[in-house]
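Dropping the structure in here first, questions after.
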């Protein structure tokens, strides 16, 4: 049985113009998502603008999310750094705050040889007793993990899953074939969740689920039940959100969509731009279309 | 009902060291594939090394395939050119030879604005009375068709399908949502065929089916029947061939695999290299694994 | 002393709507360029749309240029193919027509290992007794030659020069350091000719020289004389043409510029577009600015 | 007269295994470089591993360098951030520490529209009274500044220069033509410094000058004097260091080279690797070759 499975929304990071975390909107969002039936929460993913927050802001967000979740669903907190030392410190800190798992991201400026990447992820997994989900994203990172490296990492007792944010769904099947059950696979927003479920995925970690949690959970349940005949029409409808989040900047789009839904989560941190008027109209139309 | 559907192997182009088409191996291959139950034949795709053949060699290959197929399955012949004039001439020529459909590829050296790409494909579709399948490949071409351009092309009465050879399966769902039934979608070897069938695809046009036609047809039938529980284990096994064809050069890999199976299809045209010893061993192992 | 040196304009390929070579404009252009003092002529480069012409059109262009040049300046004819056999046939054909040298281009659809690339260029150099200039372009080709491969090719007695069409001028210095005089280096339009002359280049092969031949020759002479104080202001002024040819599609831009100058060279072959109105205005302005 | 001109080595950031700045080696390096005649010092460039340091480490490095330089040469300190707020805070901090100028870098995770990039750099220039040098690097950043954006920024009274770390030297000439003297241009290690001086550059900001400061200054003086005949042989010899720094990871290479020269600057921060044995041998050979 997977350690983590189901719909894990990537939470946005609500930050005010002065840099302070907007605590109440974040608590409201957590409450809303748990109420909608999501299976876990993932603060500090890409959608959570981890690359734009300092360590104090990141810590505060994990603290609030863990506290508000109150153990009802697992909280898998994002750890992202360019240095191993920083990543290990973050992981220990978040485990100390009560995070149930670590989503491990490697940032890079210079290319790092694969042995260095494996060492980086291993150090995070060694740092705490929490299960670790690898997050790989060839679009935003400079290194992509090879199948042999993923295979090696899958043998670590605490590396339990991977979320590969490429658009290449075939790569997920190659990973699944390669790791032979030692590691679970989550879909990202660039994949079709139902297709990833079909080939053996255990769920999805993605920003859109922040905005359409109830529908996402419904889709997950249909896939889990093997009810593809009902899953597909729903998937085709929900795909519009993945398209919008690819078309507009990810954080801007989700923060804009949450504002439309009444969550005062603020704007992306400058020099990122808020969602444009055209983007807000497109998102509003897609939300209305859900009926 | 789709005009074309099912498993359409991309045929290799057997060429001898003197540049002559190796007629008998090509006839044998056609016979073998039809005997294995494939639903159509596609000479002169990427796998067919269209970029390495002159127009006389291309013509000869279409002639032989059409003649050998004898109408038992449709032959969709590849048309590929940098100029509209050359493409139109090829299309008319292949239609005159009896090809049942045209697979339209656009080659480019300089970038071409999208209006030019749409005009190119439209000219091919206007040139004959045969149905046209668009072939887009962002890896090998300089231009990728936008969704609005695909939408526009889908309104041409003879443009009936698209084969998108990116690895981005989500893009196929976006196309399906956009064209609202005016155009069918085929999987390429870079996609998981079962996943494409799940989201509404009508089959696949791909090189690996040349080597594992019987298993491909079996997979197609399971998908068509919605028998995903049996389809998936087979898909996971067959995926190895897609991996091999991505790992080694496509034409070299398939020609090598066919040689192992007893088809004297020759080597890729120089300066391309034949399949390496390591590659032959990997392919032989995968074939043996099929039982 | 270099085999070839100086300003070698890449000639456009004037083709009518029916596909016939426009002989008189081509002869006029050759006459005009020789009159302006260029040191050689290069038909069938990128600017010459080699990728859009069939072998008959290519042959006709070489025939006319060689005939019209009448030995006054060397003609280095472009050979471009995906297969070694086609390239060798072209080289022999052009040598038979009287071309003084071969500009060797490798086209590729699938990636070719470097040994294959070296074999391709070596086969061209072995095919005739004419000196060969290598043409490498990482933007338009799939393979870039490594320094060791260039070193190996520089030891062929008939491979005399290289034109590297990357924008990376440092790479040219690395080549010059590596080949130790066994091979000359020409600038492409993506480099600053004066900077390439400074580091040891022997001239340039580029499209803009078709349009500004007299000024190009003047710049070359200043560089040759080491008169950098006068060369640089001229170079800064002429650079505008390199910018325009990068901004607009290369062939379209040069054909448009030649039309403005009174040469009826026709438009690029469809689906390429003719130079836009904005482009014509920009080019006209730059020409007027030459005073 | 340029605000900054000449050879500005990018300093490495010596950090111990515990994360502490290695103060004495940094002071020794500053002393050594000033003694060798460099015209300025640039802590916290790419070579300075800015992407791997936290703000406390960055601050400490600027503090030490400014203090040790004692006003003998200007210190242009690197500011790099994903958010405008962080960048402005860094700039104010370094100005308060006595930095003579700011080298402004924009990091990005999500793409930022150009207006955002311009706003980011403008905010840095508005934050203090120090002159600002823009640092653009299309290889390591997600956004490249367009010429119109550079033009707009050149009109800010405190934005005095740009260092463009692409390999595209022609782009530097386009910038020079565009800004009409409102902004100076520095060469990066990916350009040939002598070529950039020829076209109007004012010097170079680059890691190799850390390792070969005396030779770099000699080259600069020859270029300044227009003595190209002597400059070029020296440039061709020194180019080997630029090649090595491109071949091996930048920070690893320069730290390794400084260790060979007796500076105990430590290794790059993990998971980056120290310079390999092969790299050390190559660098040692190049150093020995300087005679």
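Chains here go by letter, A, B, C and D, matching the order in which they are written, and residues are numbered from 1 within each.
To be clear about the criterion, a contact is a pair of C-beta atoms (placed from the backbone, for glycine too) under 8 Å apart; a residue touches a chain by one contact, two chains touch by 3 or more.
Quantities reported herein were computed from a predicted structural model and do not represent experimental measurements.
K.L.:
State the chain with the largest centre-to-centre distance from subunit C, centres being mean CA positions.
P.N.:
A
K.L.:
Averaging only over C-alpha atoms, locate the centres of subunit B and subunit C and give their separation in whole Å.
P.N.:
36
K.L.:
For subunit A versus subunit C, what separation do you get between their C-alpha means, in angstrom?
P.N.:
Between these chains, centre-to-centre, one finds 51 Å.
K.L.:
Where does subunit A touch two or more other chains at once, residue-wise?
P.N.:
Correct list: empty.
K.L.:
Among all the chains shown, which pairs meet the touch rule set out at the top?
P.N.:
So, checking each combination of chains, I get A-B, A-D, B-C, C-D as the touching pairs.
K.L.:
Along subunit C, where are the residues that touch subunit D in the complex?
P.N.:
166-171, 173-174, 176-177, 190-192, 194-195, 198-200, 226, 228-229, 232, 235-236, 239-240, 242-243
K.L.:
Name, in rising order, each residue of subunit B that touches subunit C in their complex.
P.N.:
Subunit B residues touching subunit C: 19, 46, 49, 51-52, 54-55, 82-86, 106-107, 109-113, 115-117, 119-120, 140, 249-251, 269-273.
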